[in-house]
Each structure stands twice: as C-alpha cells, then as structure tokens.
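Chain IDs A, B, C and D follow the sequence of writing; residue 1 opens each chain.
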C-alpha cells in the first residue's frame, strides 16, 4: 500500500457535495471551525431553529432576551387585568393608585409567585387570569431553567490552534506540522486528529477541487495535559509529495482539521475544527520549544503563549 | 472477496426475526423512518410507556396536557377544601363569596405557591391539606420541568432524503444513489450511512425475504455542511448485479437506510432512517447539480429545494 | 484459526477475579441481570452510595422518602420557631391558636414559599430562621428536581429474554440459541450481543471455573423492531463441541449474556444482561414461530407472548 | 511482529509534548490521576473556568458558596430598597422597626418568592426593584438547580487501585501486575485498561524520556463485579524485558494507567487514572487471594480490604 492514494477514491464526496468550489478561492472552513458555506431553500422554521439559537448566543444576549420576555409577559397580563375592569384588583396595604402600575406589579407578584397580598384579585375574571398566569409562570420558569442547564452542559472544547502550520524537517525529509494546546483547566483524553488536504486539480473532467485524507505520524494521544504537535510526514505516499510553496498557492490548498476527544469533566466527546490555507503555512521552519525547563523538584510546565512561535531555518 | 456475498450469511436474522413478510407486499420501514410492524402481547403498562409518550408528542399536545392536569389537580384540592366544612377557608381582602370558586382559587394560589393571603386556611384540616398540596405542587413542577428539559435535550436529526433514489451511470457501469441534506442550522459531523437491500427470493425452502448489506463507495463523511450523495456501485459483488427494473418490482425490493452522525451542538449521536421501495427508484437518471455557482468572493452555496431533482438520461 | 480456543487465553480473568467459584454451584449472574456476588470491606459511605440508591429504588419508595423528608424538615424548623419564644410568630387572619401547629404550618408556608401572611415572623430571630429556611427550601427543591430528572433520564432497556435457551438443529449440526424482544415502544438499533460460556473444569491446577467467549452467527443487528434469535453454532471451534446434556449439569455451565444497543429516544446506549444455567437449556428443541401471518395489506406482526415457546423435536 | 516495538514509533509525542521532563525526577501522573504539570500563559478567564470549578469543589464548599451568594444578593437588594427612601417599604402585621433589617428580610421574602405581605413595597421605585429582584431570584435559582444537577450527573468512577504493583511469576517468566476493584455499588461493564510505560533513555540525541504502550494479557473485561488483575507479560517484545529493579530506579520509570468503562446506572463512560513509580513496584511478589471462600449455597464474595495485599516469594 505504498502507492499514492488514488484521488478518485478519496475525493468524490466528503459532505461538501460531489463538486465543490471549482472557481472559488475562498476557504471552506474558517479558522474558528465554522463552515464557509450557505444553504438556500430551507423553510423559515427550519432555518430559525430556535433551540439551537438560544444555546449558542452569548450569555449577555441570552440574559437580555430573558429579561425582555419577562417584561413583555408581565405587560401582557397587566393589560388583561386592566381589561377586567376597575374592580378586578383590590389594593391593600401600600398599593399604588395608578391602575396601570398596579396591574403591572400585581402581574409581577403573580408571575414570580411572590403574592404579597398588598394587591389581590377580587373578581372571577381576575382570578381566572391569575390561574392562567400562574401556569404560564411555572412553565416559563421551567423552560428558562431547561435552556439554562442545556447551555451549561453543552460540551465545548477550547482547543488553541497554532496560528500557522509549518513544513518542517522530519527524519531526513519534511513534514506538515501544526500545534495545539488545551485552553481550559479540564482534562481532555483520547484526543484524535483527522486532517483533510484539499486542492484544485486539473484533470480530464476539468478543474476540480479534490480531497485527500492525510496519514499522521500519530493519530491519537491517550493524554493531553500540555500540548501536541500533529505531524503528517511528507513521504512518497503523501498527496503533498513534490509540491512546492508556489504549488500550494496556485492550487488553492486548504488543510481541514477535525479534533475529537473526551472531556473528563463529563466524559463527553468534544470536537474542535480549524483549517490552514496556503498563506498560513510557513515553509522550512520548525516550532520553538514550548516547555519551561523545570527544576528537579518542579512539575513539568509549558508556556501556552509560545504555542504560535516558530523559527525559520 | 470478489465473489457475491452468500445470502445465507447475510439474511438469516436482522432484528426482523428469522422469517419475515413472506407474502406481505408492504414496506418494512416507512419513509419517515418508523417501522411498519406491530407487536402483540405487550402488557398494558409496557405498551403505554408513558415517559416515551410524553417525550414524543407534539408541543401543542404536551402543553394542552399540562394545562388539563393543572386544572384537574386544582379541582381535586378545591373539593378537598370544601369537604373540610364552611369554616376551613377564611376570606380576607377581595375574596369571592362563592365557596366553590373560593376553594378553587385558593388551591391555585397554594399549588403555584403564590399565597396572596386574601384567602387563608383557618382550620387544622385545611392546613394539613395545604401541606399536602404544597408538596404535590413542588413535585409536579419538578416533574414538569424534568419532562420539559428531556424534550428539549432529545437529540433529533432532521435529515432530508431525496424523494427518489436513482440508478445512475457510474464509472462505466451503474450505481444505486440517493441524496441527503441537513435541514437544520446545527452541524453534523462523522456522518455514517448503512444501506440494507431486501428482496423476496425463491429457494429450496420456499419464498423468503432476504437481506443484504450494500457496500458503499464511501460509508462515512467527516463533515456534512451541505449535501451528500450516497453511492452503491453495482458491480459483480453487488446483490443488485443483473437485476432489472422489472425484477425490482416483482421481488418486492426495499432499500433500508440508517444514518448516524454526531450533532455538534451537544456532541450527541443522532440517527435518521428512511427507505426506498421499487417505485421510488428511478432507472437511468442522475441527480442534477444542487450547487449555486458562487462568485469568486462568495462562499459555497447549495439550494436545498433542488435536492430531489434528477434528470432522465 | 479453526483450532479450539485455548482456555488459557480466555479464562484467566474476566472481572470475576482470577479464581472464582471453585466449589460454588450458584449462578454468577441472576436472570434479572444482577450479579450474584458480594463485596466486603467497603467503607460505610462507599457502600451507602446514596445517589445510586435514590436512582434505583421504586417510584413509590422515592415519593414516600421525599414526603418523609418534607415533614421532618418542617418539624425541625417548627421547633426552631418555637424556641424563639411565644412572640416570634404573630397570627393574623384565620391563624391557629395552638403554638405548635402554628409553627409547623408557618414553616410549610415558608419552605414551599407560599407565604399567605396569615402567620408572619415578628422578631429578628424568627426572620433569620425564615432566611435560612427559604434557602434550605430552594436547595431542597432543586435537589429533588435534580434527582427526579436523573430518574427519568436513566437509560434503561426492557429486553425480554426467552425463559429457556435451546440446543437446536442448525445446518446439519446444532446451535445454542435464545430469543429476545423489546418490551417497550421505543426503538432499539445497533443491538449487539456478547455471550460468555462458563464451566467448571478439571486440570493440572485443580478444579477451576473457566470462561469462553462464544462466537455468534451474527453479533449485531442494525434494526430491532421485532425479535431476534441469537445463535451460537456448535462447530469444532466451539467450547460446547462434544458436550452432552449431562456434561452441562456436572460441569455447572452458565451462559452469561450482555446486550448493548442504542435507544433512539435519546440516542443513548442501553444494556441488558441475563444468564442461562444448565437447567434452563432445553436440548433438541427449536423455537416456534413468533410471527402472526399478515394479510397482504397488513404490516408485519409478532406476538411477544409466544417468545418463550419452543417445540421438542 | 515479535520484534521489540521501536521506541521511535511510540514515544515522539503522547500529549506531553515532544520533549518532556528530561531532567525532572517527579512523576507525570499523580496517584489520584491528576497530571503533575502546569500551564502558563492562559488568559485569566480561561484559567478561571468557573463552571468546571463549581462542578469539582466539595459539596461542603459548594453549599457554603451558595449560602454566601444568597446573603450577599439579599444584602445588595436591601441596600437598593433603603436607597428608595423611608416610605419605600411599608410594614404591616409583625414587621420589624429597624429599617435595615426590614429591608433585608423583605428582600429575602421577595428573592425566595415567599411574600408574606407583612412588609410590602409602597412606591414605584420599590416595586421596580421587586420586579428586578424577582427575575434575579428566579434566574439564580434556575442557575443553582442547573449546577446542582450537573454535579449529580457527573459520571465519576471510584476505582480502587492496589497501592503497589508487583513483578510476579507468570507462565515460566514474569509479568507486571496491578489490581483494581470497584468501590461503589454501581456496575461497571466493558472495562478497558491502557498502560503506558515511560523511562528516561540515553540515545544519540541525549537523555530523553520515552513512552511505550504495554501489551496486556487482557485489555478488556466484559463484566467487573469484583476485582481485576491487570497483567502485562514481560516477554521479549516487552520494553521491560531485561530490566532490573535497579534499572527501574535509575531510569525513572513510571507506569501510566488509564481505565475506561461504562457505568450502567447511566450508561455513561467513566474514566480513572493512576500511575506507579519505581518505588511502588514490588519485585518477586504476588497478590494474595482476595476471595472469601463461599459455602455451597452462598454467592461469591471478595474482601476489598485485601486488595493491596501481596506476598513476597
């Protein structure tokens, strides 16, 4: 199996569809791991996908949304109480005279199930609305708590990728290398890397983008406490064999990286993606040492700030 | 391993039992992925399977059920307060005079832990029922929140299958092909396809339905941002080799598809199933291009509305 | 690899420890899947394992426990309010005169955050206890809801095993077979079976219990909508080869079964275990058909009540 | 494949980085499974990683933190009510005269949604703060419940490792062995062990720490009801072959152990790690029997207290 992998078996369809990006010079995968693609023809609801949206927006935005919903719902119920007439709510100790404010704050006291009793429902209609509001309040709270928990428990890895990959000397030949580190305090184990190499090629059917899976020196590490240099040796079986820095640029190469590992905090599988385009690959360089020399009685130490550092040879 | 796979090793039992559907012309797997089978002899409770039911009904139905349960429980406790006699509940500011309504709305204020104090328990019996109702209220709410969260966090894929499969030209021969796309905004990775081929065959033991696992050009894609055409080449090793369109119909063929992938939002494995019967396979056709030609500075784009489109050759 | 599997490579240690049950005639694995083993020397807390206990007791017991805890906590806080002196709680509309009852029901109204206001805290001490009780109430409720949800979301399969296994005719020889069905409405896919065979053997080191992994005709089924007959062909490579019904009894054989599959409701892996001892294996028999013959326009149907049925040959 | 595994293919990078601990005599992996490493250069927020922190601190500390947060938030809102002026809160039945205490306990009654009504908001400003506090209260409670549940549902194994490993006689040669047992009542199945051997070696590039994966007699057990002795036979293919007790010490050997299995309670994968340094390996010894001899009608029994016991030969 030392012959070059025939492109035909590797590139027909990798989920990008059978023919992709013939002319496009843009990257397929952005540095942050999102795909640089668009889908048309989704139904409105399918593209909305509310749950996915609520899980992925920022915390600030999420809390802002909850606050807005909370005020709107209370305003809605306040309006309902007002529609029941002036006798619907009766004020006791310390109530406000303004009927709108009274209705709004009564709604708050009901929605949040506080019920001071300084304002109370006094008609059948008001009591029925209280019944509905209490149910809506309980369900809304359960809904909010469920989304909140779902946000907390989402497995997300924060893997830091070196800003550039390098073509480095490796056992008498060269290798394509990039470096990663764990940005969080959690432990990631059984970390596995997949690297796809993509380039535009000219063949009998025209100019097509082809995909190749790169063989790695080591595809998996059992432990990932510090940093890991992922290495693809450029030997005769490599689709990079014989390519020059100029070829990289003219054939619009892109290295697509998919990492998956197990986050020990929850024993959950986590994923991280990134990609390197031709201009993010430095030729004839090697990564500089990331280790801080430990004294004899000190634990191993790395400086993550040096993850991106390399030296030209 | 270029000999045809012997049916004996493939078809004795695939979870449909060792002898299935000898005479039935119906499909095994419906288009929506549910099985077209029935089980008798389940105990009443086993077949009820309440939790599974609450998770899979529509949201409208689920909320309707919660509302009904909420009203019923309050009616039940109202009855209990009424049974404690006319002095059990004492009305303060703005209470209703009708004892039934008073009891019902007092129950609501207790169940939802609002407690305005406009109606209060005034006897030992009423206070004891309050104690029970508060516990029931808290547990019911916890129960509702748990089901709600379980509904949210259920991993479900919305994979769109092309309405028809095609028998298309493929490297000088033909292939069985169908096409899928992701209907949601979430990312699915490591998508894997399994295709079983089933047909009714005549052999020495009579007419039996046989199952074969089809070999795919590519069983797995690492990324699935756009669309994927699943391809089974019809070569000499294929159980489809030599079959005609007419054979498909007379032998009641069915292609059973099982997809599994990882939904990145939660790193959860998701599944999708579908099937194609003989009349859903178009012979001598190929799928039309789903890609929208991008300009040089635009990302890749597909039009999901074209997923089902094919052209006859 | 057609030689018998040497016991040495199979039986040294399977998690039962290197030397097990030399003399014991009891089964290792009970019919319900629990292990018939005991562990001594666990610390008190480790053996208590409260969380695991709360998850696995019956619902009736769980609710009973919550109720007891609820009453005990309220009694405790009632006592605390009583210790604050006769002026600590002040009664308004409809309050009870008995100070013990007043304190208890005030505690309920506080713990469940109802707060009618018919009894209110009137001293600094009472207000401080209210502060503590409200926190305890909120935490207890969160704790109860968490356990409740954990109970709901526990993945459990209800696989029905045939009461007996059979030694049935199979392709000119015989096979060890048992049959399973899904008792629930949920779908199980990718179901996989592992069967270990265990017997007491005499060798140079004395009488020892040995374990063998049995090779199955089919180890995995993609779909499991109806029923599955698990088959181990007794050929020359089988550790059962040449054994008679009498050998089964004198050598204390036991078949340990482990099933694992994916419950589609949550895409969770579920497990089921059972075992067959010599007296639960019927020789020279075969399972009777479980299928209900469908009419041409009816779906496939099985009668789970017939799962255990076999006929002697 | 009977030749020694070349170190080159095994040791370049295992997640500890390509060059580790050349001079350090400390262990890489602590006995409790944590890594003896440090990372510099993490951003403040990344190193804080609050969620991970809240999940892994002790229960005592967690409850203490919640209590402190509860009091602080109430103090904050009390201050806000005080800032609204002396008329903001109006006292009814049994209220306290001290305005600070009144504000604090009113906040408690609002935050926990009790709302006795003995103190009520009497101005627009106070009512607005009540509205905010009720939302903060509900969100805080949902947040606390979410963290609480996350703590409960974290899959954690409590595997007990024997304090020492032994070099024991094994089939005419020797083997490296250690022993493990499950400390909890839950069942662990499909337990798998990986053992890495690490030592400092002198070669042409200097003194380097090398890693080797050890082949185990049995890498996986299906069931783990009692105890398991993990065995690495020291044959010619073993990187331990020919090494003496003295070599172990001078070359700073360390055995890194990673266990993974499935906790049946939740069908969750759980992990456990530990390591053995040279001084934790006893040469020419074997583990003593952990089994308590059962009578004929008793189940198998082990005494976990004897897990660490060995006898020198």
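By our rule, contacts are C-beta pairs under 8 Å (C-beta built on N, C-alpha and C of every residue); 3 or more make two chains touch, one makes a residue touch a chain.
This structure is a prediction, so every number in the text was calculated from the model and none was measured.
**Student:** Does B-D or C-D have the larger number of C-beta pairs in contact?
**Tutor:** The greater number of contacts lies at C-D.
**Student:** Which chain has its C-alpha centroid farthest away from the centroid of chain C?
**Tutor:** Chain centre farthest from chain C's centre: A.
**Student:** Would the interface of chain A with chain B count as same or different, where same needs over half of all numbers used to appear in both copies?
**Tutor:** Shared-number fraction below one half, so different.
**Student:** If you average the CA atoms of chain B and of chain D, how far apart do the two points sit, in angstrom?
**Tutor:** 36
**Student:** Could you give the separation in Å between the centres of chain C and chain D, each centre being the mean of its C-alpha atoms?
**Tutor:** So the centre of chain C lies 25 Å away from the centre of chain D.
**Student:** Where in chain A do residues touch at least two different other chains?
**Tutor:** Those would be 92, 109, 113-117, 141, 145, 149.
**Student:** Applying the document's contact rule, which stretches of chain D touch chain B when the two form their complex?
**Tutor:** Touch residues, chain D against chain B: 113-117.
**Student:** Okay, in this complex, where on chain C does chain D touch?
**Tutor:** Those residues of chain C that touch chain D are 12-21, 23-26, 28-29, 35-43, 46-47, 49, 51-53, 55-56, 89-90, 92, 109-110, 113-117, 120-124, 127, 130-131, 134-135, 137-139, 141-143, 145-147, 149-150, 154-155, 194, 196, 256, 258, 260, 268-271.
**Student:** Please name which positions on chain C make contact with chain B in the complex.
**Tutor:** 63, 66-67, 70-71, 74, 92-96, 101, 105, 108-109, 111-118, 141, 144-145, 148-149, 152-153, 158, 181-187, 189-191, 217-218, 221-229, 231, 262, 264-267, 289-294, 296-307
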